[in-house]
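Shared between the two complexes below is subunit A, which has subunit B as its partner in the first and subunit C in the second.
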Partner chain A sequence: MPLVNFTAREITCKLVYYGPGRSGKTTNLQYIHGRVPESKRGRMVSLATHGDRTLFFDFLPLDLGTISGFTTRFQLYTVPGQVYYAATRRLVLQGADGVVMVADSQARRFDENLESLRDLQDNLIDQGVDIRTFPLVFQYNKQDLPPELILSPEALDESLNFRGVPSLPADALRGTGVFETLRSATALVLQRLAQRSGS
Partner chain B sequence: MTTGLEPALSFGSLVTGGGNQLALAAARAIAESPSPPFNPLFLFGEPGLGKTHLLHAIGHRKLEVAPRAVVRVIGWAELSEGWRAAVAIGRAEAFLSPWREADLLLIDDVHLLEERSAGRAELLGLVDARIAHRRPTVLAGRRAPSDLFTPDDPAGRSLGTGLVVECTAPDSAMRWEILHQRSEDAGVELAPAVLEEIAGLRFDSIRDLVGAVNRLLAFQSVSPTPLDPAQARVLITGVIEEVAPDTGVPVETEPGGRPSPAPRPSPIEEPDEFGSFLSEVVASVSQQVDEWRSRIADALLRWQGEGYHTARLEALLDQELPAQPEVVLRRFESDIETLQRLEAEVREIAPDLASAAAFRDPDQVAMAEQLVEQARTQDLDASLPVPHLRLDGLVEGTSNHLVLEAVRAAATAPGTGPNPLFIVAESGVGKTHLLHGLGNALVDAVHRGVVCIHAHTLCDQVQTAADTDQLTAWRQRFRWASALLVDDVHLLAGHPVAQEELSALIDQMLESGRQSAFTSAVPVAELTGLSPQLLSRLASGLVVDLPRPDREVRLGIVRQLLTGSEASGDAALTDYLASRPVESVRGLHALVQRLLRAAEAGQIQPSHALARQALEMPAARLPVRPGPARPGVLGPTLGGSRLREKLVDQWPVVTDRLVEELR
Partner chain C sequence: MRAIEPWVEAPLDAFLRESSARIVLLMTSSGQVVAQHGFTRSLDVMAAAALGAGIIASTAEIARVMSLPTLGNVVHQGAGLSVLLAPFSMPAGTWVALVVFGPETTVGLVQLFCAGLAADLTAAAPQPRPAAPILAEQFEDELNASLRTLFGR
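Take a look at the complex of A and B:
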């Protein structure tokens, strides 16, 4: 999917919320959906089945209007976190312009975070994406839980964020850090747009 | 830097809501983007709806993101008055300049412009100029641009070409927020029911609302008991007669006639996260997408101003988003640099060519280069060596072997072999042939730019150039010479200017590794009349003598001359001719020519006997074919020399000819 369609004068950014099951990806999209004026948002779609094949993801289109002559659209996706939806994850990840890695801050979920991160890297590499330059943002969700249950953002950074990409603490249920994460990911994607256009 | 911004009027102190959300997003975009997606931004709406607040907030925000930006804010009346005063003292342009050049110009109360007001056209022209130069401009007024101008009024047409946004009256939620914020700022607590009551009333402007809340706050601050909604309503409606229930928010009326409190509008305690996000995206996209356009436009204006064709950049601007605008711009500017360099050069060597359109069109660099190449070589081509004087036409023998080796070395490795090469030979021995032969060998190797001239020609050129003040242009011609060969350099004696120029030329040639060669009839040690500078340069390379032709060379030459005649292959004749006491090649040529003419006159075959008869008997007894008297001096010989001694080919009087041969 091209980021900039010159013929149609469209800018389309596909952001994928990645992470282990129940880490809060859908909650992120739901919060965003609730804060976006109706005129700017499309219907939030959740696909459960499609024929015999299981597709399971959320999709939230955002129409940001015309910016600099370009109709600007954001498409927010979540992937199914469960391990057995690997094929769907690869499908959703295809053509992504940026990824938000939603990690569950609970200490007991650390291994699942790590596994999901490895899965993300494997899938990106399989798709020929240079993960060193690919827009990626970490969101450490559920930071509202009692401190004894969770890892701090610093500890999570130390363990997961090898590349030192932007990372944000969040409480997606209450919206804390949700738009900050979206803004951070968007900024990275748009920076890449600038590099592509040579400016 | 800024002028006239009100510190309190910032985005932080602005209450947002349905009435100004779009205006706010646009205001943030124009404040935060170095190249806003729209220009100008025109805000219009009734008084008291926050247009001035927005204007000042834009200015503050601009200075936050670009602290060095020049931001100016002014009202139209003030601008108009200033212009009038400036005109009165003859400083109109000086007055307009800072407004025109500001990085961000904010003009309030634009509705005050009147159709016939003084300076209207000039001030609208100021706005037009800013728009044309893509300098962000924000205007605010009570009426939309379409209401300010008639359709047939060309002035001010551009005011509506950017983004026009209407500021509308605050909705109930916004009113509630204003009331709430104002009471908090004042440190006076108003009961939530009071806030809901007042927020349910319609106010045509924020200013009226602020006035109302000020009255409530003043009343509450002196009242020992908290205001109740009814009291607040009476207090407000008693003061502001036009206040009526907000038609936008239905107010239910209780059976007793008292309007029931409006449902509490959802307080905007949470920040407008999406609005903020959208604003950032707008600014970012605008910056990324439009930044290149701004740079191209700047470059276009600059180069157009300098008289260059900018069709390539104009075409670039017509594209939505070129793949690599930076690359195109760099290439364009590189082409301009090339054109400037070429133009500067051609201005020196051929000023009449400098006005060619190709030097102003970056799309015609190839043409410009071609013109310069022509200019570089047009004079040099006139100084090419005589084509048929080639090294392979020379007869080699023991006497000239060394000099021929030196010449071949120079021809094989011009500039790195013997350089300069200085050939000393008596007149008629063949040094001109050698020099032109070297020249032709170099032409074969490097094709262009080989200059082979006689010392007299050099003197004439220098003298003419000096007389016409064209010495610089003359020198410039030689910048592109690949080799410089000067025949009979000893004849420069007595020409100090030519010597000086030649010294400088030799230095140029040596420094850039280009070949130079000279011939002289006088050995270096015996050269007089030449400056020490020139002498030192001439002798700085290889000095080689070309001796008189030995018998071996003479035999070869005679064979060459007899080739094709009836005497070709006559060994006795060849041997006889080669043994004649001549000291130069030219003398040998004359002998053979005399023999052939005698044979032709007598209509007999050239032979040894005829040769002895023709060359040893007195001239009067020679059979001479009657014919018209021929002039003693002919045109230039094949060698191109103009020396009198070299132009004497045949003299009508034999004694004269013998004298010449004895020289």
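Take a look at the complex of A and C:
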């Protein structure tokens, strides 16, 4: 659940970037870190291996400014994508208010996307989360690669996006779709907060 | 000191006075900051909370994987300053205290007062309040404006 401070009128939400290894989760955070003014973001923390693969998580706190009179902050996390790090992935996912599923658009990586999506669903169910209503956004990354190597957003939607949640094509290395993905995910998380608090 | 809710302040104030700790950070088990004393830049507090919660979560998971009873506090003893990470139960779930202390006190005393802090916070915690509307229906315009400002577009 988002942490809401009624006294200081602050909301803090946790958004997790999920997906298979090398799909571009860390690249998303690095792009955001590079584009957002220093006054609006904290230090980016990366717990990585020597090969620069995420070992535990990347973390980037972001100040979204005032929304409905509340100072709104998002804590962005990535999980390690490699199958080997299943245990740490579960830990990072704990307490998440929303997930961005970063899928690798390359056709040869399709099975890994599917496996990661199943892993996400299993972990959410284990944590007692209702996956039918949980804020989830798909990002189909690496859409800049040659068309013969990748699947189209429509094909990926058909194969992965069973719930029909928002999905966005992206080239995270150059920033295409990164902002749009973040906007879509933060809106879903805040919509859910508004619905829950108003019901 | 800065606390999310005012009822946290008195127990934390007493803990700081008694333990001689230099920096204290209270967080939820998912790394959300509840209160802090001694940090100079608010956003760095969040990084410390994320890392502290990660250590406690991984320690608990190691215990589970190895079929050990729940592991307790984690202490990192430094040459000058040391760090204690202490998880404790609250009515709303597990919280974690990250305490930085120097040679003017001892790890035993800090742990003792930390247990007292947990008891005082539990006693001071208010009953869960009924849900009230938080965000206005039309918050998305403000969200979009904020994000446009952040990304300069």
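The definition used in the following text is that the second predicted complex is superposed on the first by the 179 of 199 C-alpha atoms of A that agree within 3 Å, B and C clash if a C-alpha of one lies under 4 Å from a C-alpha of the other, contacts with A are read in each partner's own complex, and residues count from 1 in each chain.
Rule of thumb we're sticking to: a contact is a pair of C-beta atoms (placed from the backbone, for glycine too) under 8 Å apart; a residue touches a chain by one contact, two chains touch by 3 or more.
None of the values given here were measured: they were computed from a predicted structure.
Colleague: Give one word, clash or fit, describing how subunit B and subunit C relate on subunit A after superposing.
Modeller: clash
Colleague: Touch check for A:Ser152: first (subunit B), second (subunit C), both, or neither?
Modeller: In the superposed model, A:Ser152 contacts neither subunit B nor subunit C.
Colleague: With both complexes superposed on chain A, which partner does A:Thr133 reach: first (subunit B), second (subunit C), both or neither?
Modeller: The answer is neither, since A:Thr133 touches no partner chain.
Colleague: Look at A:Arg43 in the shared chain and tell me whether it touches subunit B only, subunit C only, both, or neither; answer first, second, both or neither.
Modeller: In the superposition, A:Arg43 contacts subunit C only.
Colleague: Based on the superposed arrangement, let me know which partner A:Leu193 touches: subunit B (first), subunit C (second), both, or neither?
Modeller: In the superposed model, A:Leu193 contacts both subunit B and subunit C.
Colleague: Touching A:Leu91 in the superposition: subunit B (first), subunit C (second), both, neither?
Modeller: In the superposition, A:Leu91 contacts subunit C only.
Colleague: Who does A:Pro61 touch here: subunit B (first), subunit C (second), both, or neither?
Modeller: Touch status of A:Pro61: second partner only.
Colleague: Please tell me which partner, subunit B or subunit C, touches more residues of subunit A.
Modeller: The partner that reaches more residues of subunit A in the superposed model: C.
Colleague: For A:Gln82, select first, second, both or neither according to whether it touches subunit B, subunit C, the two together, or no partner.
Modeller: Touch status of A:Gln82: no partner.
Colleague: If the shared chain A is used to align the two complexes, which stretch of subunit B, 217-225, 271-279 or 361-369, clashes with subunit C?
Modeller: That would be 271-279, the only stretch with clashing C-alpha atoms.
Colleague: I'd like to check the shared interface: which positions of subunit A are touched by both subunit B and subunit C across the two complexes?
Modeller: On subunit A, the residues that contact subunit B in one structure and subunit C in the other are 4, 11, 35-37, 40, 64, 67-68, 70, 72, 179, 182-183, 186-187, 190-191, 193-194, 197-199.
Colleague: Sort out for me which residues of subunit A touch subunit C in the complex.
Modeller: Checking each residue of subunit A against subunit C gives 3-5, 7-8, 10-12, 14, 35-37, 40-43, 45, 47, 56-57, 59, 61-68, 70, 72-73, 75, 77, 87-88, 90-92, 94-96, 179, 182-183, 186-187, 190-191, 193-194, 196-199.
Colleague: Quick one: in the complex, what on subunit C touches subunit A?
Modeller: Residues 4-6, 28-34, 41, 43-44, 46-47, 50-51, 54, 57-58, 61, 65, 131-137, 139-140, 142-144, 146-147, 149-153.
Colleague: Spell out the residues on subunit A that touch subunit B in their complex, using ranges where they run on.
Modeller: Of all residues in subunit A, those touching subunit B are 4, 6, 9, 11, 32, 35-37, 40, 64, 67-70, 72, 175, 178-179, 182-183, 186-187, 190-191, 193-194, 197-199.
Colleague: Using the touch definition from the top, list the residues of subunit B that touch subunit A in their complex.
Modeller: The touching residues are 37, 270, 273-274, 276-278, 280-282, 284-292, 295, 319-327.
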